[in-house]
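In what follows, chain A forms one complex with chain B and a second complex with chain C.
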Partner chain A sequence: MSRTHVTCVLNGDEIDFLCNDYQTLLSALRDELGMIGTKEGCGTGDCGACSVILDGQLVCSCLVFAPEVEGRRVETIEGLAEVDHLHPLQDSFLEGAAFQCGVCTPGFLMAAKALLDRNPSPTETEVRYGVAGNLCRCTGYDKIVRSILDAAARMSDPERQKEAT
Partner chain B sequence: MKYRAPTSIDEAVELLSAHPGAEVFAGATDLIPQIQGGRPEPSLVVDLKRIPETVRLEAENGFWRVGAAIPAAVLTAHEGLTAAFPGLVEGAGLIGSDQIQGRATLGGNLCNASPAADSVPPLVALGAEAIIVGRGGERSAQVSEVVIGPSATSLDQSEFITEFRIPAPSRGSSDAYERFIPRTEMDIAVVGAAARIRVDGDGRCEEAAVVLAAVAPTVVEVSAASGILEGRVIPHYSGRDAFWDELGEAVVACCNPIDDKRGTAEYRRKVAQVLARRTVVTAARRARETL
Partner chain C sequence: MTTTRTGYKWVGTRPVRHDGLDKVTGRARFGADYATAGMLHGVVLRSPHVHARILSIDLTEAAAMPGVKAIITGADLPDIPDETGTGSEGGINFRDLSRNILARDKVLYEGHPVAAVAAVTLRAAQRAAEAIEVDYEILPAVLSLEEAMEDDAPVLHDDLFTLGLDSPPDRPSNISRRRVIARGDLDAGWEEADVVVEREYTTKAVHQGYIEPHAVVAETGEDGRSTLWCSSQGHFAMRTYTTKVLGWEPGDMKVIPAEIGGGFGGKTTIYLEPLAALLSRRAGRAVKMVMTRSEVFRATGPTSGSVMRIKMGARRDGKLVAATAWMAYEAGAFPGSPIGPGVMTVLACYDIPNVLIEGYDVVLNKPKVAAYRAPGAPMAAFAAESVVDELAEELGIDPIELRLRNAVTEGVRAVYGPKYRKIGFVETLEEARDHPHYSAPLGPWQGRGVASGYWFNFGGETTATVSINEDGTAVVMSGCPDIGGTRAALAQMAAEELGIDVHRIEPVVADTHSIGYNDMTGGSRVAFAVGIAVVDASRQLIDDMCARAALIWDVPREEVEWVDGRAQSVTGAAAPLTLEELASGSGATGGPLSATVTVNPRGAGAGFSTQICDVEVDPDTGLVTVLRYTVVQDAGRAIHPDYVEGQMQGGAVQGIGWALNEEYIFDRNGVMENPGFLDYRMPVASDLPMIDTVIVEVPNPDHPYGVRGVGETGIIPPMAAVANAVYAATGKRMQDLPMSPVRVLEALSGD
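Entry: the complex of A and B
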């Protein structure tokens, strides 16, 4: 069967790939592009492990058909850190011990990034709703929520930002 | 399974007419989980999101035109729409998580034909019309006529909804939606209730619509509600006003619920009364605030 050629902007770079029409974006990222940072938990939209940002919108990549991203902008966990330093969310997750096995972490980080892009100083309740679509079997969530709040504080404090870079 | 993304209504209708096994989709948040769950794959999926009419959102000539393929996240971020129809935006804003709302659409929520769809009761309460295109050209139908049973719609295989046309609220008119689930996020309604209320200059109810989700095979309108609430100044709920009991009885009369893991039929009847009262009070307060 002939495969479909897709061109998109992935983490800022124009790229192209071949896929089958029935493949999901999650499968194209992992199996066609070797970008295995994005994880698969459920495949049905319930766990958020596969979260990516598509044209500025947080989505489950397991619920997107790969050919849909033709001409679109996709952001994944691989694009979160800068060349020489981590994103403040990643620093906060490390310092706050916000993961154990780590399978849920890329999804939480992308959901948290989408939240902070929209709402730079969320309340704890807003953070809890912002990551309600992400499941974690290990941490009990509290450290994740506190780390996101800490990153938000870091990002709005110029002194702490300087310190990080 | 093949994927196509037509850029015009005509192209989409042609594809659907030529492929009897084709199915339209927008957010795929119902479609993909159903395929994962073992439902046979369509031979062709037709993505509606690149057809300009399905993603348009504007107010004109006394109507709001809301594209059927706009994701909920765009609707909930839209200030004009939120001011006009706070209840509809509440419904859309309750669908799944932020991730799901990045994709889920009003067209998909309606045409998936679940009795628990959160955006459908407000659409029905608002008297929204669905604009439907297909082999036979364009037609319109009341949203309440689109779903005919669980997982069944009145659309034929070549048809799809391009947009919803919702009468702009008059002064003194507003809406509300609430649902009950056992936790705060990521669950399907045990019961949902939408209300639209119009009040006169003295704050008296002139017109009311109450619509329930998850208590019958389809969303149901409590048609007696308008007669019961007309002429009332709707205060906070108080057991002293007899009309609340009348409304409760009318709500129960419309319910034909099932027992399932989310709640028994009896429990659903009780919760439906509570939610109907709450949304009526909220919609009436919002309606007075527009005066």
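Entry: the complex of A and C
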């Protein structure tokens, strides 16, 4: 069976990979590229564990065929931190105890990043709707919502941003 | 809100958890994240029928397909005698377990595994599974408790005779067991009662809903020794169960725990593990198996649907004087619902002199239930706490006040036998009553409900090791998977004892070949039981280090004490020796610094929770929205308050889902119609408010820091709290879960 050659920008780097036409982006990330940070919770776009950002848009990578990302920009959990410091969302999630088992966490972080990218100072309700496509069964969402609000505050406060780095 | 305390440096603080960085960067490896070079992919062929006899299985075509390396059916598993392990509800029947993993003569639910295939690609395995030809003879099915308990019901198991009846039955039945708890004189109790309320309640099967599907990689060598990588709530149990089902020796199997993506009880048993191990043995290659979400719903978990009839009587002064409970729980295809803890907990919050509780464990053509957070207690509390709310209204007594007048306290005999030790139920009620939430104003179509819950908690067999590295850092090793922050809590207790920074301690969950046996992460036991072992090991190490300092200083052992991470001379005769100094020089004083402790502790402190819920009901749609929610719970002592709050919040929200949305929906043939997260509707962030928490701390005298289990109790009160709030908002008593919009509308249209 012939495989499709795909070139894309993954977390800032131009890369290429081979995949089958029926393969999802999720499967290509995990099985072809070994990037296991993106999780599969349902495979039907209902849980958000596989959330990635595609050309600035939050998507479930289980609902995108891998060949569709040809020439496009993909951001995953593996690209969220900088070399020597975490993204403020990651700091907030750590300090705010925003996860228990942690399997939904990469998806929540990508959904929260997509939210803050387009709305840097969301209300609690906007945060709740911004991550409504992501299921967490452990936390009851309280500490996740607080941590996203906290990250937004950090990112808009230059003093706290300096502190973080 | 957390009670502040003094005197501890680490216990009661909120350090960043040790496994946190891996989890926010995507580096943490969960069950499906393991892979080995050249591994095969395995899939399961499942029954499309809910009840059928397997007449034949033809593997010819499937076995000949390209890339197929091994196929197994029920005939490949050994027969196991029908014996239930000792213990009450915890007892496991390996014969049933084996037959749930691969059907033998009959399939008993839609999704019941019939065969498993390993092939070089997932696609090849799926195609081969589709090519397996199974000839079924369809049998009549039983899909409800009522049907299953009828005298002439189709019987699932010809050899199942009801246990616990007054006279032994002469024919098989779907009722596997009757449990009875009785005390006092019921007639006298009813005589004394001024007010009596009797109601029937029903709940549906609901799933634990962990986000990570079951996954395993198994590699079995030519010598029959195997390694499993899998996520579970207990890798020692995975080894015991898997080898038992396969007829292998436990010592020949090593199980390496992956990070676990949620369990809630549902990962305390095996499904894929023996299939992968046996396929690997047959194929001579590693085999990876991962369930789809649909498979998780159709063939793992859920907890029981139930029917319960509760009758309670009280005197005018609010004293509960008599109660009866009749409860039937769905076990699924094999015996073993949590009816035991159901009958034990249903009235456990209250001191009632005259009681009769009767419980039935019933098999029917649905997936075999698995443990789910405080198994058996939440549905029981839904029924009992709804009746208590009605009694309070009839008596004109505030519902928290009524509970206070009947609350169990230290020394009171629990309805199921033992006397309560030190418990904090009254304290949770008082905190709830005094909380600003309880007296906040409400608007139209809004209402407030309260409910309480009780859970035993558990100790269990435990091994822990604490070792000091040459730089004075420490490793705390346990064998209990960390689902919700237990590594941090164990490190905090060790830091408190050793007197070093919590982040100079690395907590590790070790595999089955690296540490002694540990029971599963369940029963809210880890911070309690493993905590005891870690504290004991730390104290042994401290004693050892003091002895070594005495040796170095040539003074009696009594002249050395351990202060702030250093050995110190009580006479001031020598400069203190730090942990680093003692560790780096340990070769000269007796060898490495390490201590291992094994315990099987009793005295897991009982947990109580009282919860307040405000709802608003939309009279046009029947939609119930939770406006405000407060969880008050006795944690004994919160080692890491963030994760204690997290357990309380998470448990409450699972209960809110159970109350409002979640249910297994079957078509008339017994096929699950909603095996996915779109239609099995778990709460999402936009459904909920913040979940306020009040940690009550009535220390457990049987733990060095006073810990009680906190993981389970929080899920027990929510369904009744929500139902009581819906009543307060609408005047309608909701007796059937879930309180979905359609059911609420039905209730409202009854006017």
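To be clear about the criterion, the second predicted complex is superposed on the first by the 165 of 165 C-alpha atoms of A that agree within 3 Å, B and C clash if a C-alpha of one lies under 4 Å from a C-alpha of the other, contacts with A are read in each partner's own complex, and residues count from 1 in each chain.
The rule we apply is simple: contacts are C-beta pairs under 8 Å (C-beta built on N, C-alpha and C of every residue); 3 or more make two chains touch, one makes a residue touch a chain.
All values derive from a computational prediction rather than experimental measurement.
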Partner chain(s) touched by A:V69 [first = chain B, second = chain C, both, neither]: neither
Partner chain(s) touched by A:G43 [first = chain B, second = chain C, both, neither]: both
Chain B versus chain C as contact partner of A:A114, first or second or both or neither: first
Partner chain in contact with A:Q57 - chain B first, chain C second, else both or neither: first
First (chain B), second (chain C), both or neither touched by A:G140: second
First (chain B), second (chain C), both or neither touched by A:C104: second
Chain C versus chain B, contacts on chain A by residue: C
Chain A positions touched by chain B in one structure and by chain C in the second: 43-44, 46, 129, 132-134
Complex contact set, residues of chain C against chain A: 14, 16-17, 19-30, 32-33, 208-213, 259-264, 290, 292-293, 483-485, 642-643, 645-647, 649-654, 676-678, 682-686, 688, 690-691
Chain B residues touching chain A - in the complex, by the definition given at the top: 1-3, 5, 27-29, 32-33, 36-37, 41, 45, 47, 49, 71, 73-74, 96-100, 102-103, 184-186
Contact set on chain A toward chain C in their complex: 30, 35-44, 46-47, 49, 76-78, 80-81, 86, 90, 93-97, 99-106, 109, 124-125, 127-129, 131-146
List of chain A residues in touch with chain B within their complex: 4, 21-22, 24, 43-46, 48, 51, 54, 57-60, 62-65, 67-68, 70, 111, 114-115, 129-130, 132-134
